[in-house]
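In what follows, chain A forms one complex with chain B and a second complex with chain C.
This part shows the complex of A and B:
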């Protein structure tokens, strides 16, 4: 029923959510471990460390976003899949690569920065804004990768 | 719209009025005192009083902690403000302050007694455990001897039957027969035994038992074991009743929370009063206090000092003084003061950036969240909190900020046609029988033309960056460096304005030729100006050119990455809308219209709550980043110290006569 080009494109789309999602899951988990230690000492810091914990979660969402964009453009969601050539299939696969790979690594790098930020909150809770900003700097590259993925997918229309 | 101008003051009064002067200043809450260092004057020693207040604060805090362990709420809610007290109420409570402290002591004692009782219970339970194996013993545990026989009572580790023990003992002392053993209780880990033997072979039998690991009981007593067990149980029972009673007493102390709260505030105020009293300096008959006061409150301060029979002199602070900073902005910019404080308060040469960034803060936040549904919820939610709760301080500012951000989000969401993702379109096609989803965007749908929004984001970004440059230029101009004000800003603007259409034409062809021509010459002129003027301080013409080229490289790469950074406006905006649409899609996956409607409602509520939470956080974080990294880097240094006036720094109560000045 599907052309082989379509199969390649779908694998790419699924990997975008899958790989970036693993990165985010790892990242959110890492920060969660550090945050739990702080909350054990002082439960009132929960809301502050929770924000830090959420930060590496966005890469997974960007992966999901790319997946949905590709799938909807391919007609998979509406039940009327396009007939893609193998080359077109690889093009979609390539479009998914930036957010797939950068998403994975930036989520983990951001989680490291956020874990260090949890240390800031533990010692000096009033400075949590700075901790958030530092962790958010890493996210720039995930956003750029998402942007490239979106632009390429859009260009393939 | 800026930092408040600060004045320095020196006030003097008669010595006996020193304390009331500090009290009045505290009530006024507009002056920050600093310690006076002068060997001709002496400072009052308040260490003793402050220590007492400090320990009272910690006693009260401990009592409040205890009460909250027993489910009595002792902290203010996130959005609730302090309770107001009239002067009469305040005085009445002040007169009872000793009772309040006693209450705190009582709570702490109850807590201690509970802990002690619990420890005692554990001790008794251990004892009970060790007595358990002796429950069947019907003689005294001391093992009293008769005329010819002795009796050993004790335990062996491991499980022994009478036969096993007898055989093991006889293996060690085969020649002796005059003994007998009785097993009292045999458990897997421990066996309690009674051994009788003739006095003549006492040593040998005991030696044999010892070599098997025989241990006499640690807590032997002449009382019968059953009685002791009963006593232990009785003790545990009564201790449990004690604990239960104390816990019930604690649980019923709901009404004492107010007293504790007042005591906490009272001692905090007193503590600060005395800490500040130690900053004042005394001579034989007079007292001097020095500090900073915002200019607009300075006359109030002078009047207050005069009321205490003293006099105050106001002076301009010196150039190199560490003057504290307090921000003052209008209602529109005030909410983002918290964002400025998060970065750093303005330093000596800085302007307050709150007013500069406020408009862009709301704008950028709205573009990133860009969902009218979420915007409406934010606006209504924050408005409700502001009107219906007494939220104060920074939380109030944050709520106001979210109010404005919510309005901006609603506007952008309406422009982009995003209401809870594409819920309107989904309902139209699924339930109302539309063949095609209607286009409700007032401007355009970003998902259909992302390039358009990307270019628009860059335009917004360029405006934001130019705002920073203009502020820098104005600051340089005011400082008198008019050359820098022009040469460090205009060439950059020319280059960016020229390069932008050239780069934009790659993504969106169709820019008129004439514009491209003008842009080309503008960019070239800008580049030449930067190369020629960027390192104008160096005399050598070659070094100047080299420095200029280096400067050009820095500016070009810096501005390129700055502008590209605004692509997050597109990415985050798309993320909100697309994930919202995915949620709506998940809610409409069943064919049956009734089930579909039910599923949609459930998925809608859960999914959109999550999506909104994550994206509000994302928009907040990335708006901050754009302000801090892209805008502030153009003109702002920071490094100011926050103004911390002597005031009623209370947590729970507000005293009516206190001023809301600062």
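This part shows the complex of A and C:
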């Protein structure tokens, strides 16, 4: 039987993958639509727009990484769950918040930047490096959020 | 509608923008030694091979293809109706006048249009106005009544022109897109000024001018009507006050310069869409760009055919989107 603290911590861990994953799915889908528009006119640009489409997908992976880390630390994966107090449960929940929230919004923001990049590739394919760089800048904030989540989770050991 | 739903459409438009005429090609065509040389410039640039087909047919097809592209990709088809509704009103004018004069309407109708041209001809010639979409019924019926009662084509045009401007603005507002509403407001204002100038030149009275103008958010129609009956200087001052490009200066130049300035102001207004990566703006701007491009090619070829000077052609050629 799980304690209330464990339930709160598990909800936090699941939401980290869920919310960041929704953001990534929305983002990758949005860039995919734009990429399809370019490929419909010029199939040779497929590889260039594919990189842009992949960029907003990383936030979902960061969410998953945080979830696995938390679940592993809670002993859920090894089948020996810890007995957490409510306060400890909320602490794990809080640790998941950075990647949960920043992951979602940065995936959407990165997708918009990537869609603009797809426009650059459509008009001037030789400039795709710049398009990728501009969209990749948004990644910084998702990485920072992941870092904060990992540091807090590790600090709760 | 969310702007993100336009991702596919905008990407296709961006790809197609590469096919628009460049200013270098237009300049080469303007400075071409003669008509055949200008045709060669357009063929070499990959724009169109006018040698093997009727040029008018090619240009009409270009416009139809542009509309087909934005229509097939736009997530909400109704949002783009405001761009083509003027063709419908042109068609109604042509059908009504041909009907009264007992002439054929062949070759006078424009596409793309909201109402299929065959349906429009059938509904109007058989006086079955109710067969038209509801939004057109009242204005077409009114124009028909005016034309058969007075046999005055100008009055008929006045009814339909006003209805057209009101519908452009109404359809843009229905789309709830800020870019479409702003563009439709500007279009309405510019065409209102054009109507008012025509009224000024033909000495119409204030009530006639007021009846001809459509309300919009850019200008006060009653002030415009008053300015148009107060002489060219007052009209010039009011247009200058509106700060619409060089339109005021063009009031004192030729009618051709005035019309060119209207097109240039509109193309300048849509140029902002180059920086929109999502939404309706790039689609509307692309259609405007193609429309302008077709007009430019038509002007160059027709001027070259008539042996006009490079300076005259340059004065008439419209600004390009790219």
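Here, the second predicted complex is superposed on the first by the 157 of 157 C-alpha atoms of A that agree within 3 Å, B and C clash if a C-alpha of one lies under 4 Å from a C-alpha of the other, contacts with A are read in each partner's own complex, and residues count from 1 in each chain.
By our rule, a residue touches a chain if its C-beta (ideal position, glycine included) is under 8 Å from a C-beta of that chain, and two chains touch if they have at least 3 such contacts.
No experiment lies behind these values; they were computed from the predicted model shown.
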item: Clash-or-fit label for the pair chain B, chain C on chain A; value: fit
item: Touched partner set for A:58, first chain B, second chain C, both or neither; value: first
item: Chain touching more of chain A, residue-wise (chain B, chain C); value: B
item: Which superposed partner A:112 touches (first chain B, second chain C, both, neither); value: second
item: From chain A, separation angle of chain B and chain C (C-alpha centres, steps of 10 degrees); value: 50
item: Touching partner for A:132 - first (chain B), second (chain C), both, neither; value: first
item: Touching partner for A:69 - first (chain B), second (chain C), both, neither; value: first
item: Which superposed partner A:40 touches (first chain B, second chain C, both, neither); value: second
item: Partner chain(s) touched by A:143 [first = chain B, second = chain C, both, neither]; value: first
item: Smallest separation in angstrom, by C-alpha atoms, between chain B and chain C in the superposition; value: 8
item: Set of chain A residues, in rising order, touched by both chain B and chain C; value: none
item: Residue ranges of chain B in contact with chain A within the complex; value: 342-343, 447, 450-451, 454, 564-565, 567-568, 570-572, 574-575, 578-579, 581-582, 585, 614, 617-618, 621-622, 624-625, 628-629
item: For the chain A and chain B complex, residues of the former touching the latter; value: 51, 54-55, 57-58, 61-62, 64-65, 68-69, 77, 129-130, 132-133, 136-137, 139-140, 143-144, 146-147, 150-151, 154
item: List of chain A residues in touch with chain C within their complex; value: 30-31, 33-38, 40-42, 112, 115-116, 118-119, 122-123
item: Interface residues, chain C side, partner chain A - complex; value: 4, 7-18, 73, 277-278
